[in-house]
């Protein structure tokens, strides 16, 4: 029973962030990445952290979701920290113990890289946490549509994403049914070496693929029958439109970037 | 009006290609409810897909309100007139939100946004799925999905609704819902309905039944006429509704007078007086 | 030895907001050699229920034993599963090999038969379901018609010589001749192999014709259990439940409402005719 699978990590809500136009959110995410990389000094990072925390609070998304998003990085982050800590050998020597030497630049960089990665992941997660996959697709299509001039298939790409989102739950459910049908015929997916196990997957994969090809065929016919003829002359039922919220959001982001740039110029380095 | 004239079609080329349709001629009048029955491989689904230019005849013509389906320039206009609901409810829903899927047809036709909204709301109401407008299609039952598919066709405002074995994969509740909608659309909105089916019980509600066999029209007539020819139907791997079978057998033993009753209600009408007389 | 289901409950996604009790405290026994029908509408829990008979899902509470093998125990389940053959509704979920014969032989091979033995079992099974191994053996399963696929899938299960055969909606989606073929095949199986057949359907017409006992599931609960005579005496209740009562049973009910005296055992055409004949002679 995989019926209630949810794709992406969208958390329903009606916060300020949820109500933003997806185009704005995608652009703001890019601006946010730029902002994170603009920060060159660790104390200025406080601005980014304050901003990220404020936006998280504004989204009304439980903080646990952000930690969940960071979970896949639970090995990468400490590794990056340690590598920077021990391998950078410039600045003042702070600690020396056996073969380990920690320099001030190493310490600075170690903190810096971890903060950068963590805020990047947290910030971009806020986009997917507050935007439905379908709204993201719509937003991307609109943002990429100017590229149609150079024959970039923006509409086709968005349509592909939509269909993928629509059919993934169906296919997962189908894979489950096929697996049960083969289990009932005595198939064994659990024992044997890797090669044997891979071979044991064939009775699942073949029906899944054969069915998918038929699905694709039938879907194409159904779409054609409903007058689909590519993106030309198409209108949309749900039109994206900017509101005052989007303006506010853009201004806030601009303020963040300005603050980073100015404070880096004006405030003398502490460390 | 749709007229099909001397249509031939085979799925593969070459000498030994088996003909899916061979010499089919048929007229479908405006406002009619036509059932097309036949066993698997009788050519009935191929015929359905010819009604809106999804398949073009090898020879012969299909004209939809005077438009030849072979004329590529008219394809879109033909598809505006004739909508098809297919067999597998899963394989005709395109998007992840019900109402957006219903809007898919009008979007393709470039209908203005506000008008799409109106059409979608009306179509969902017509199939009784308004409450599910914001649902994800994969959470719905087969019957509900098929109602969404019908709404998707209705939103295009067609003159002809083709159900291509649209009930084959549904449970009894889903089947009944789809049939009721088709009947209502036919009676209330005057939409022409062409229903392809292999359930003889469903053909009973049609104005006219067309029986296909080996790519040809084997018989046609009102349900009453057709289901009086049970032996011929069985010969071409079909059947009669359960009530007709009962009637045939009772009449064969002269237990009841010869009638043309088709449904449970009609049989009850027919038999009750005999029982009460006893 | 029978299949014994004791106080079986199955809950999907327990403890979440999507929690759903699919099977709710169902107890019943399926005896060796009988033709057991299970009816219920979509969502009545019948699919989940039959998956328990094969140990494909595990009970939330309660117990299923097949010939004494406890299906919740991993080791015993393997033995129990070998006794229960399960044919799913859509043959497309199981057909995968390059030829029909190889595909049908997949099950026997999993049971440990040699290539040769497995093919022999497969050929026999194909004959039983009416697919000539000479004619169909080397065909690709994907070339078959709907009815043939269904029979190939059935052959794939009976080649494993199960004692109990579970059929999930074996007639759904087939045309009249396809349905007749499947009915004939099931009859042959019962006659020749003495299989216990457990057939799930929402078409009561099919169940009415052949089942010896019927279980009616509604919203996960066992609503009724009995002989067809007992079950179809409740025609109106079944219709109210959203099930499709046999047309003849509905005719009998309609006649009763018109004030005619029709016995409750009338739910097939054969019985109706017999009864009617009797009346005339009186």
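In this document, chain identifiers A, B and C correspond to the written order of the chains, with residue numbering beginning at 1 in each.
The working rule: contacts are C-beta pairs under 8 Å (C-beta built on N, C-alpha and C of every residue); 3 or more make two chains touch, one makes a residue touch a chain.
Because the structure is a prediction, the values reported are computed rather than measured.
The chain pair with more C-beta contacts between its two chains, of A-C and B-C, is B-C. Each chain's centre was taken as the mean of its CA atoms, and the one lying most distant from chain C is A.
Note on chain placement: the centre of chain A and the centre of chain B lie 45 Å apart, centres being C-alpha means. The distance from the centre of chain A to the centre of chain C, each centre being the mean of the chain's C-alpha atoms, comes to 46 Å. Distance between chain B and chain C, defined via averaged C-alpha coordinates, is recorded as 29 Å.
Not a single residue position of chain C touches two or more of the other chains.
For chain B, the set of residues touching two or more other chains is empty. Among all residues of chain A, those that touch two or more other chains are 4. Contacts from chain B toward chain A in the complex involve residues 49, 52, 54, 76, 79-80, 83-84, 86, 88, 90-97, 99-100, 103-113, 116-117, 120, 136-139, 149, 152-153, 156. On the side of chain C, the complex with chain B involves touching residues 41-43, 145-147, 172-178, 202-203, 205, 242-244, 246-248, 250-251, 254-255, 258-262, 269, 272-273, 276-277, 279-280, 282. Note for the complex: chain A touches chain C at residues 1, 4, 174, 177-178, 180-188, 202-203, 206-207, 210-211.
Note for the complex: chain A touches chain B at residues 3-4, 133-134, 162-163, 165-166, 169-170, 173, 214-215, 218-219, 221-229, 233-239.
Contacts from chain B toward chain C in the complex involve residues 39-41, 141-143, 168-169, 171-174, 198, 200-201, 237-239, 241-243, 245-246, 249-250, 253, 255-256, 264-265, 267-268, 271-272, 275-276, 278.
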